[in-house]
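One structure is given below, represented as structure tokens, and several questions about it will come after.
Residue numbering begins at 1 within each chain, and the chains themselves are lettered A, B, C, D, E and F in the order written.
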Amino acid sequence: MRPSGRDVSEMRPISIETNVTKHAEGSCLIKIGDTHVLCTASLEARVPPFLRNSGLGWVTAEYGMLPRSTGSRMRREATAGKQGGRTVEIQRLIGRSLRAGVDRVAMGERQITVDCDVIQADGGTRCAAITGGWVALRLAVNKLMKAGDIISDPLTDHVAAVSCGVYAGQPVLDLDYPEDSDAGVDGNFVLTGAGKMIEVQMSAEGSTYSRDQMNTLLDLAEKGISELVVAQKQATES
Amino acid sequence: MRPSGRDVSEMRPISIETNVTKHAEGSCLIKIGDTHVLCTASLEARVPPFLRNSGLGWVTAEYGMLPRSTGSRMRREATAGKQGGRTVEIQRLIGRSLRAGVDRVAMGERQITVDCDVIQADGGTRCAAITGGWVALRLAVNKLMKAGDIISDPLTDHVAAVSCGVYAGQPVLDLDYPEDSDAGVDGNFVLTGAGKMIEVQMSAEGSTYSRDQMNTLLDLAEKGISELVVAQKQATES
Amino acid sequence: MRPSGRDVSEMRPISIETNVTKHAEGSCLIKIGDTHVLCTASLEARVPPFLRNSGLGWVTAEYGMLPRSTGSRMRREATAGKQGGRTVEIQRLIGRSLRAGVDRVAMGERQITVDCDVIQADGGTRCAAITGGWVALRLAVNKLMKAGDIISDPLTDHVAAVSCGVYAGQPVLDLDYPEDSDAGVDGNFVLTGAGKMIEVQMSAEGSTYSRDQMNTLLDLAEKGISELVVAQKQATES
Amino acid sequence: MRPSGRDVSEMRPISIETNVTKHAEGSCLIKIGDTHVLCTASLEARVPPFLRNSGLGWVTAEYGMLPRSTGSRMRREATAGKQGGRTVEIQRLIGRSLRAGVDRVAMGERQITVDCDVIQADGGTRCAAITGGWVALRLAVNKLMKAGDIISDPLTDHVAAVSCGVYAGQPVLDLDYPEDSDAGVDGNFVLTGAGKMIEVQMSAEGSTYSRDQMNTLLDLAEKGISELVVAQKQATES
Amino acid sequence: MRPSGRDVSEMRPISIETNVTKHAEGSCLIKIGDTHVLCTASLEARVPPFLRNSGLGWVTAEYGMLPRSTGSRMRREATAGKQGGRTVEIQRLIGRSLRAGVDRVAMGERQITVDCDVIQADGGTRCAAITGGWVALRLAVNKLMKAGDIISDPLTDHVAAVSCGVYAGQPVLDLDYPEDSDAGVDGNFVLTGAGKMIEVQMSAEGSTYSRDQMNTLLDLAEKGISELVVAQKQATES
Amino acid sequence: MRPSGRDVSEMRPISIETNVTKHAEGSCLIKIGDTHVLCTASLEARVPPFLRNSGLGWVTAEYGMLPRSTGSRMRREATAGKQGGRTVEIQRLIGRSLRAGVDRVAMGERQITVDCDVIQADGGTRCAAITGGWVALRLAVNKLMKAGDIISDPLTDHVAAVSCGVYAGQPVLDLDYPEDSDAGVDGNFVLTGAGKMIEVQMSAEGSTYSRDQMNTLLDLAEKGISELVVAQKQATES
């Protein structure tokens, strides 16, 4: 049924390799099937102007795709002179999602920038970026705590994301690129480790969906997220 | 409870004035309380390159805020040299939402651009833009049909949008600016006249929400949308 | 003779509605026939760097056209990535004109930004912007004086503007769009309430004019300005 | 009285050296006192899209200042990423002025771009650019006529420009930089060889002027233009 | 003597992993010590306009650094709105170097774009990019030849690059970041497999060098290049 | 043999006219044959942020070409919205070269910006810019020393540059445009008055070269530089 032969509720293989770059305070290479995203967390002493002297920390994110991460070469955004609309939308989502799992008082007045760069794309890059971005963030915070710079853990829970959609009339978990291109309805679901919701974005392009379908997709998402959280734990707690 | 004294499930006053500009093929000034958005629909013969010779039509949207539509003056995006991330995200949402109610085969190979310019902002500008944008689109399509350029109606249903959120611990309908600034959870809901869902975006900033809360907000949204659709009908069917 | 049937020295109907937006310190919607411009005056505490600690105030202006204010849709300048040459030239003219009627010492070290956004265009938008911009400025200054922030009135006189040109060989007052497109010679005249001149710009595109013709156009302009000043008074002194 | 010791109606020394660069179809270095502008005319076969197949020619202009043409170094516009408002306004004026002296039918469907680059600035650069730009244009057209590419002369008359203003209460001709910085009223006058007017721009910055003063300045301008036209003739007719 | 303990003529460990991304026609991850660069070669049917219908092929290159490839996070060029001067200079060098080893007639009218993205930087990124870029190019060309799209091999020889410099008064091979930051003289040498020179760039920052020193650095470079070419062969001929 | 009839080791005529603009602290117009570059040195009190309170000075350079300095008109970079890759590469080279001859401690915490604007191009503009840029720098420093602002001379030696290349199989000195367009190998050599090397850039476009050829070009370059230094001395020591 599915081009990959997967069950409707079957995730692609998940792999999270940590500490893949020597400079970043936290980093991982997350692979969700053929979607590979390099996530780094960079610690900076300064916060944005609107937070100066507030005592609050900030987590922000940036997202990019290497020009040949895709089937045909995309124009490099640096030569186009600006980030495209899709890029901006995605990196705002990543930042907002990660901040939902952060106690910004406990974090103290510092900023962590999470960069998510897609090395190879096969659908679901924004979800992989959130899931891997959290791992990079976790590792950077661990370093701050080990150094005694932060006393109480500012990360309140895991944050992970998965996409679901209606493909060939069938609700399915974790869309890959061939499915994503064909799905009339698809959604991105960002949840905490405890199953609380941070962000739900369900869109129909040239189509609509019912509340029942929405609930089915949500059930699938909860299953996928729980598997992603297990992988995050294995990656960060070893 | 609410700063405006409204009931939790009470919309702000809705007003839709049509044909407010003599040049556009369709136009309206929509007022949702103190949020005022001018929506125009412009018909163009050409479609974007990826649709040439496809026989399909295209509906796209652009969004802007006048510099003093807000409490303190915002920098004009034309002088900043680019549209900000929020603007891009909103106009992509408007276009996607309107296209969900369009039969692009029936529309034929033409493009309609819906411009939504915020004259005065008091929360919920993107929802007002979608609701008013549909009215402008409806009027432009009416003109095409009256002229015999289109035979069967390409608009398959109404499209309208409303925001809901959790304010002071209470789920409420149609957030105004003071509520929006304080809501830990807020969502934008785009539905058809028949109550089918086109887009749901529920975000928590520095917070999370449960599936129960999500369902309560959805119930409120359905109530609000039905009132907006009545207003759309009154505006376009007279 | 004139497409609109007007006399050579007849202005289009003038309407100035004040306080049209709740956020701006001063605002009006000015209509000169089918040309409609929304003018807002925004008060800011800071002055540009070159005036810091000078004790002098500053008045500046920005101008924009909504994409479908015109017969065919214009590209939004925010997506083009910059303001076009015509826009820049016009907003410099508006700022310079308004400053000519301001005592910048009496104003004190504050800045007022006048935004002029064209809702509907039918010729003469820059002149309507100056005339309406002065009304918005007057209302903002009134508010400062009522609050006791300014003691003596910094506005030394009315400032208003009108276009004249040679259409079909005939000097005419207040060109509308069909006339403007065809006029070989046209001018913009900015005068004070007392009839003193602030700015005269007379251009021939592919043509020339004599000193006699210039004087005839000036006579027409003086007549038009006096009517505009009456309308300004009615709008601001009620 | 005047910082330079000149009479109120005395121009600065005028020098026009032609054919100063080997590549351009027409070129000159014009010196009005210490204001030095290099003007080149470049012939191109193509016209802008709006003129294709119209049979009409086009003359356009661009203007620039070298970074150290001024008393203190200005930022290079190429590094700022765009032309400033003043630059755009000036180059539009130059193009409009030169076109007023061109019979675009006789010119045929070709474009001439006049580049005016200020080598050294001491006030009046836009007027020097128009006067010198006409010389470059004349030389390029001569070349076309000599080659038989154009039969009848498309240049209908000389075009020259001069500034006048009220300095220290006194109307004076041809403002240099110290005068220009201090003048409350100043104007740029573009006339033909026959004394017909092409463009008049008279501005008051923080001041106003009467019709009498305007006429006095115009008289001065006519005197200055006639001297500039003599210099143009000497440069191009030898 | 050297911070890494290497001999003056000792390269860092070289590793070239091929076919690291499933989309690109050719790809490798080259590691020169802690400098890691991902190189992809993308085949495109079109050539730049200046080569249309010339029968000649084109090889071009783009270069980028991930924001946290460096010790402290660098601003992403896509958000800065343009590629910096250093980036532009490097990617022009890579393209020029690779083209020197290409028979553009044999290649036929097609373009190969080599993207070099620095995953981790520790000095010598441009040299690693050239050396790895050639491997990606070789693999993409192999694919074209296997498919019979190209008959005779357009790659005339290997192309590889290495940096040398004077560190602590001592000429050394293959500068790493700590050496590069301190070297008064450093050079990049691009050679073919046969030892012919393609590009030599030797710069002194705040210093100078003699012809003797230049010759010593060239000797070192020749040694390094021969080791890099062995590694290229092992990577592409297996 | 050479299009110009010059000997293989013959420079074009060299002319350096100093103090050509009244505003710059130092300036010259350098002509190497038909290549004419205007060089100005501008003194500024501030240094770039990375040097504040370091006690060190800074010399930087910018480069530009007038639109019609070339055979066919080039687009003005200010209208293109950015400096092209070639421009950026050249101005970085000029700055680096000039700094190699500066004792930045003796210079004190001030900045000199050298602008090199090409008035007419016929090959070798970057070398002319370096050679002329040094003259402008020398004159500006002389002024500082005469005024007593600097005690000991911060210029440690002359800096000059020349290009050499292989044209029609023959190594030649000082390539003009026809030669440069055809040369398979060409190099730019920046040397001090004492013959020490600052920068060597030798590139082959679609070709390679041997070490012997490199040495021959270097010999030619040394001869050319010595003649340029004589011209610099005549220009600055009179």
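Going forward, a contact is a pair of C-beta atoms (placed from the backbone, for glycine too) under 8 Å apart; a residue touches a chain by one contact, two chains touch by 3 or more.
All of these numbers come straight from a predicted model, not from anything done at the bench.
Colleague: Can you name the chains that touch chain B as well as chain F?
Modeller: Shared contacts of chain B and chain F: no chain.
Colleague: What is the graph distance from chain B to chain E, where chains are linked when they touch?
Modeller: Between chain B and chain E, the shortest chain-hopping route counts 2.
Colleague: As a test of understanding: of all chains, whose mean C-alpha position lies farthest from that of chain E?
Modeller: C
Colleague: On a CA-centroid basis, which chain has its centre farthest from chain A's?
Modeller: D
Colleague: How many angstrom between the C-alpha centroids of chain D and chain A?
Modeller: Centre separation, chain A to chain D: 59 Å.
Colleague: So how far apart, in whole Å, are chain B and chain C when each is placed at the average of its C-alpha atoms?
Modeller: About 33 Å separates the centre of chain B from that of chain C.
Colleague: Chain C to chain F: how many Å between their CA centres?
Modeller: Each chain reduced to its C-alpha mean, chain C and chain F end up 51 Å apart.
Colleague: Residues of chain A touching 2+ other chains?
Modeller: Where chain A meets two or more other chains at a single residue, that happens at 81-82.
Colleague: Can you list every chain round the ring, opening with chain D and moving on to chain F?
Modeller: Following the touches around from chain D to chain F and onward: D, F, E, A, B, C.
Colleague: Quick check on the complex: what are the chain C residues that touch chain D?
Modeller: Within the complex, chain C contacts chain D at residues 82, 85-86, 88-89, 91-92, 96, 99-100, 102, 104, 187, 192, 196-211, 214, 218.
Colleague: Would you mind writing out the residues of chain B in touch with chain C in their complex?
Modeller: 21-24, 27, 34, 38, 40, 42, 44, 62, 64, 66-73, 76-83, 87, 113, 115, 117, 119-121
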